[in-house]
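What follows is a set of structures to go through.
Presented sequentially are two complexes of chain A, the first with chain B as partner and the second with chain C.
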Partner chain A sequence: MNIISISQNISKLEFALFDGTCGEPSARGEIMNWMNTGSDGIPEMISACFTKSLRNQNRMFSANLICIRVPYGGQEFKIPELLSSNSLDKLKKIENAAPMHIPALLALIVSLKKYFRGTPISLVFETSFFTRLPARESSYAIDPGLSKEISLQKFGYHGILHERSYEYCHEKDKGISKTISICLEPIPEICAVKNGIPVMVTGGSTPLEGLPGETTCGDIDPLIILSLSENLGWGPEEINKTLSRKSGIYGLTGKKMDFAKLFSADDPVAKFAKELILYKMLLASGSAVAALGGVDAVVFSGRYRELGGQIYDYLSSNLSCFPEKHEILPDHLLKLTAAAGITALLKKSKSH
Partner chain B sequence: MKILVFNCGSSSLKYRIISMPDEKEICSGEAQRIGPKTAEPSRIIYHFNEKTETIPVEMRSHAEALEEVRKLLSKDSSLSPDAFGHRVVHGGGIFSSAALITGESLEKLEKIKNLAPIHNPPAMKIIYACEKVYPGVPSVAVFDTAFHSTIPVYASTYCIPRGITEKLNIRKYGFHGTSHQFVAEEAARIIGRPFSEFSAVSCHLGSGGASLCAIKDGKSIDNTMGYSPLQGLVMSTRCGDLDPALTLNLLQHFLGSTTDVERLLNTRSGVLGMSGSSADIRDILSMNRENSGDMRAQHTAESYLWRIRKYIGSYLAVTGKPDALIFTDTIGETIPHVRWAVCSDMECFGLKIDVEKNEHLEKLPADVSHEDSRIKILVVATNEEIAIARRTYVLLCGIKNQNGDRS
Partner chain C sequence: MYSIMKAKNEAMKDEVKDFTQDLIKIPSISLNEKKAAEFICGKMKQLGYDETFIDDIGNAVGVIRGRDPEPAIILNSHIDTVSPDEEKWSMSPFRGIIEGGKIFGAGASDCKGGLAAQIFAGALLKRSLLPMRGSLVVAATVAEENGCSVGLKKLVSSTLPSLGIKADYAILGEPTGNGLYYGHDGWVELNVHIEGVNPFQVSDAARTINSDLSLVSTIRNTIASEEDMEIGRPVFNDNSGFRSADMRISKRLRSSDSPEGAISWLNHEVAVLTQNEKNVSVEVTVMSENQKLYNGSRSVVKRVTNSWQTDPYSPLMQRARQSLSAAECEVRTGKWNLGKLGMGTAGSVLLDEFKIPVIGYGPGNEDSAHRADEYVILEKIYESVYGTASIAHGIAGIPVCGWTSDEI
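== the complex of A and B ==
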């Protein structure tokens, strides 16, 4: 079975082709700034990329399933779903809650359906895992009836990796029930998982809350935002742009730098940024241990997962309750998306 | 030296005359329900010579409250103050220790009063009123933020562009420093460790504001409050931590009115906003105990306790091997359920509460830790007024000595 796995991000669209869900993809690519160019030509670009790669391997390109990783699904999508008119209706309902993602996803779906006519499409949501987050963790201390338009619920944003991280540790040792999952992506996230259920996560109602990222601010005092508005005369759009694209590592160092570069950099400004981020990770890890009442395993995932060793040394030197060694999740996001997508397809075929 | 200490809340004014250096309390009380009329009448509690009186009196402003307090104190010549100590919540980046009130320091205070819009303006009204009513009597401002001036830069820095943080003096200041320092010094004394070697997590859980402080080697290294007293725990009417995008959404919702958003987050959120019924967590906890079936109340209590618990975990991690976990102020001192709920199942940190000792507290300070607990769990009554009097006395004696040296 040939599976196209697509990961939807704001800045780029990543895609890969898998023969099954095991092993490395037979082809992969990415389209930068895809939201600015529109979705019309995207299926052709994906197809051309795969066709070229497979030609080099003397193989023909065909697709049996398309799996799309979607960053936000709200409470509507508790598990991966095979696309149907019902799921399209649900997506339209949550358009306002995720204005950066859902309208672009709907346009992408239209193009994919048109080009890959008849090929089933699975939707895999990062937030599904967090629909089980207890209310005490997912709520903000604001009047819940304040506004229907404003989502007052906290979700994490790397649910696919956190869920798989827990399963990975639990499969290795069934005695493991309390896991701290540290996802090292451009917006990193720490999640405490107990018996397969998330109980604490650093991400919020959007990925802005929590740990600082490569360009995102992480936790800040709400009054700072009001201060930016009052003192600089900025409107919400300008503030949002600053907090989401000019903050984090970039805001601290003044340089566009990913986590891998930051951790190997030698200059004092970068060293300070690294020290700050490690400290925030320690605070979050302490919270995670308190949320779990202990910890059996600590697992790193995401594209910078190889930094896990360095980070673990720092965290465990401060948290004596950490286990002797850490784990690193070998799988990557597109592969996990494909695996989750195929599960949805199989469930659907069984129910028929 | 008789120091009259004022601890000013948004609608209250606590006062206490303390004789220094022996720290003997001569008189104390509180003007309550200052401002617009409420369900209950405004009044002054007056405690002197082992007698307590409650005097109903209308007080529309803090200046009027001060005038009523002055009238009470003028009845006895022994109550004439030699100096004032004022609790000022926010010292901005300007005041890292107590400061004598002068024209220059007042100018500086004016510039930063909006950093704590609920607290600084009423405290300043009292300072101005004292200058007018008691000319020549020195006033000292003692800042909640001063103890936190030792928070390391990596812990006080927000990850937003440096140009902005430098221009607007945006950083974590931390609050309740006077109380955290006082109870930590008391706890170090109880344990028998020099304060400079003492590490702890201090939980100041008031009926209004609340914060946790991480203390290492006698110095504050982190505080749950931040740039303002709004960040951190779920408080009586303050939201605490919030996704930045949510604040932005609220700003759009209120058509760009920062005043409306600030008012919502500071005065209509927290326990009040979540529960919809009371701003006092004690009411919410008793509703739960009585199985009222109010889901919002249950949810509010769980969220309130959960956030404290998570921050305890964070601060136990950053203090390394702390000597103590300290509970103080109204909720921390009087509600055993809160202490139990946030300490249970924390043995992984070396923290174990003794359920019996915790339930049956007779007097403070008290040790409620289990004998197996590596970290002591202490309940210590805060006394911000004594702490303010101490700092006022030290500062004024220092100035006097300096002047004496010069003459």
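== the complex of A and C ==
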């Protein structure tokens, strides 16, 4: 079974081809700035990439399933879902909550359906895992009427990796029930998972809440926003741009730098940024321990997961309750997306 | 969001240039805008506007619907141009010649460049896949230059209500060099009718007014400067034993002036100037014209453009400034100079008659308007597409707060 797995980001579209979900992808590629050019030519580009790669392996390209990783699905998508007219309606309904991603996803779906006519499409949402967050964690301490009116609810945005991280630890040792999952992506996220259910996460109503990222500020006093507006006369666009594109590592160091570079940098400014981010991770890990009532396993995932060792050493030296060793999730996001997409397909087949 | 918009705008440049050039090639002198209106309507349809049509009075209208009816923002530019004095032009005013990054032609600055920018601003929002909260209407209106906003009045009073849209804000694509303009002085064209039995006294009165009005008014400080007034030559008529003369006088209306005040002022001035001509009667009225629009409908229009000013600290101006700043566009505020009497915008109609907050943001150059070899700088048009789209999104788009980070 050939599965195309696609990860939708704003700056790039990553894709890989899997023959089942056990092994490594037989082909993979990415399209940078795909939203700048539009979705029409995307399926052809994906197809051309796979065809070329497979030709070198003396194989023909075909697709039986397309799985798309979607950053946001709100409360509408509690599990991965095979695309239907109903799911399209639901996506349109939540467009406001992720206005950069959902319209682009809808356009991508149209072009994929047109090109890969008849091939089923599975949608795998990063937020589905967090629809199971307890209300005390997913709610804000503000008027519930107001929260409902503008759909204010806390989610996490790396649910696929967090869910798999728990499963990975639990598969290795069935006695593990309390896991702290530390996802090391450009916007890092810490999640406490108890018996497979998330109980605490650093993400919020948007991905901006939580830990500082490569360009994102993370948690700040909400009145800082009012101060920027009142004292500097900034509008929402400028504030958003500053907090989501010019903060975090970039804001602290003044340099475009990813986590790998930050952790290997020597200059005092970068060192301070690293110290600040590690400290925020420590506080979030402490919260996770508190939410779990202890911790059995700490697992790192994401593209910077190899930094897990350094981070673990810092965290465990400050949190004596941490287990003696940490885990690193070997799985890649595209593979997990493919696996979750197959589950949705099989579930649909069974129901028929 | 802005990086996507910038990239899409870059990709549209040739299309924008070709459209502006083609639009200039279609003569659309006031009251003869039919072909241009059809061309504009066709383009908006091609660009994916949700609705496009030509309304009852001949305006070309394109609508992009948002999730809610409000807020609705109107991007308005007029299709019509003044009639170019071709002898003064160094080239044909209807060829859209491009030289040195400028596109030349009748209405290039006023305001076909602005119209092109507004039409493509809607397209840019569509192509950037940025969902709208409210509605965006691009209205290319007729009979502005020589019709005192008849087309726009019909749009707001009839066309928009028929679409279920109530305009909350408006942006004029008139020439501002991509500054944010919030008002201008007005002007009124008055007719002085002098009548009497004695032809010599009528002639004397007319010549006195013609020669002395400007000087006397300046000395007496009833006008700010001689440039605030233009006095036409008297035209004499003889009939039924009476001699009469008519004289056209244009007067600038400052923010505190009204057309009625201008009539009182002129009545007083001519009474003073003609006090020795005992048997002459003088009447001052606002000039009006009976006009036939391209679709055959007729209307009587008074030759008045009121001065207007939107509060420079109003929510519209504030959001426009903020949006342009976030989009990394130049933020420059100001007012039109109206170097020539008879020029103006539909701002007073929108603001005073319909109570719609309005600003100007267009690529053209005010000094080039209504003149030979009128031009607009191409780069300014591209910049205006992006700037207009940014303002429109700031006002009626769905905010993208928290979601602009590259990779999640």
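Following the convention adopted for this analysis, the second predicted complex is superposed on the first by the 349 of 352 C-alpha atoms of A that agree within 3 Å, B and C clash if a C-alpha of one lies under 4 Å from a C-alpha of the other, contacts with A are read in each partner's own complex, and residues count from 1 in each chain.
What we mean here is this: a contact is a pair of C-beta atoms (placed from the backbone, for glycine too) under 8 Å apart; a residue touches a chain by one contact, two chains touch by 3 or more.
Predicted, not measured: the structure shown is a model, and the values here were computed from it.
S.K.: Look at where chain B and chain C land on chain A after superposing the complexes, then choose clash or fit.
M.R.: With chain A aligned, chain B clears chain C, so fit.
S.K.: Once both structures are overlaid, what angle do chain B and chain C make about chain A, taking C-alpha centres and a multiple of 10 degrees?
M.R.: Spelled out: centre of chain A as vertex, angle of 80 degrees.
S.K.: Which partner does A:L226 reach: the first (chain B), the second (chain C), both, or neither?
M.R.: In the superposition, A:L226 contacts chain B only.
S.K.: If we overlay the two complexes on their shared chain A, which of chain B and chain C does A:N96 touch? Say first, second, both or neither.
M.R.: second
S.K.: Taking the superposition on A as described, I'd like to know which of chain B and chain C A:G235 touches: first, second, both or neither.
M.R.: both
S.K.: Which of the two partners, first being chain B and second being chain C, lies in contact with A:R245: first, second, both, or neither?
M.R.: So A:R245 only meets chain C here.
S.K.: Contact-wise, after the overlay, does A:G196 reach chain B, chain C, both or neither (first, second, both, neither)?
M.R.: In the superposition, A:G196 contacts neither chain B nor chain C.
S.K.: Looking at A:S205 after the superposition, I want to know if it touches chain B, chain C, both of them or none. Which is it: first, second, both, neither?
M.R.: both
S.K.: Is A:G20 in contact with chain B, with chain C, with both, or with neither (first, second, both, neither)?
M.R.: After superposition on chain A, A:G20 lies in contact with neither partner.
S.K.: What is the contact status of A:G309 with respect to chain B (first) and chain C (second): first, second, both, or neither?
M.R.: In the superposed model, A:G309 contacts neither chain B nor chain C.
S.K.: Could you let me know whether more residues of chain A are touched by chain B or by chain C?
M.R.: So, of the two partners, B touches more residues of chain A.
S.K.: By how many Å are the closest C-alpha atoms of chain B and chain C apart after the superposition?
M.R.: 5
S.K.: Of the residues on chain A, which ones does chain B touch that chain C also touches?
M.R.: In chain A, residues 205-206, 208-209, 216, 235-236, 240 are touched by chain B and also by chain C.
S.K.: Help me check something: in the complex, which residues belonging to chain C touch chain A?
M.R.: 1-4, 7-8, 11, 67, 127, 129-131, 133, 318-319, 321-323, 325-327, 390, 394, 398-408
S.K.: State the interface residues of chain B toward chain A in the complex, per the touch definition above.
M.R.: 153-155, 157-162, 164, 168, 170, 172, 222, 226-228, 230-231, 234-235, 238-253, 256, 258, 261-262, 264-265, 268-271, 273-274, 276, 296, 299, 302-303, 305-306, 309-318, 320-321, 345-349
S.K.: Using the touch definition up top, name the residues of chain A that touch chain B in the complex.
M.R.: Result: residues 134-137, 139-147, 149-150, 152, 154, 200, 204-206, 208-209, 212, 216-232, 235-236, 239-240, 242-243, 246-252, 254, 272, 275-276, 279, 282-291, 293-295, 318-321 of chain A touch chain B.
S.K.: Quick one: which bits of chain A touch chain C in the complex? Just the residue numbers, please.
M.R.: Touching chain C from chain A are residues 9-12, 33, 35-38, 71, 95-96, 98-101, 103-104, 107, 126, 157-158, 185-187, 205-209, 213, 215-216, 233-238, 240-241, 244-245.
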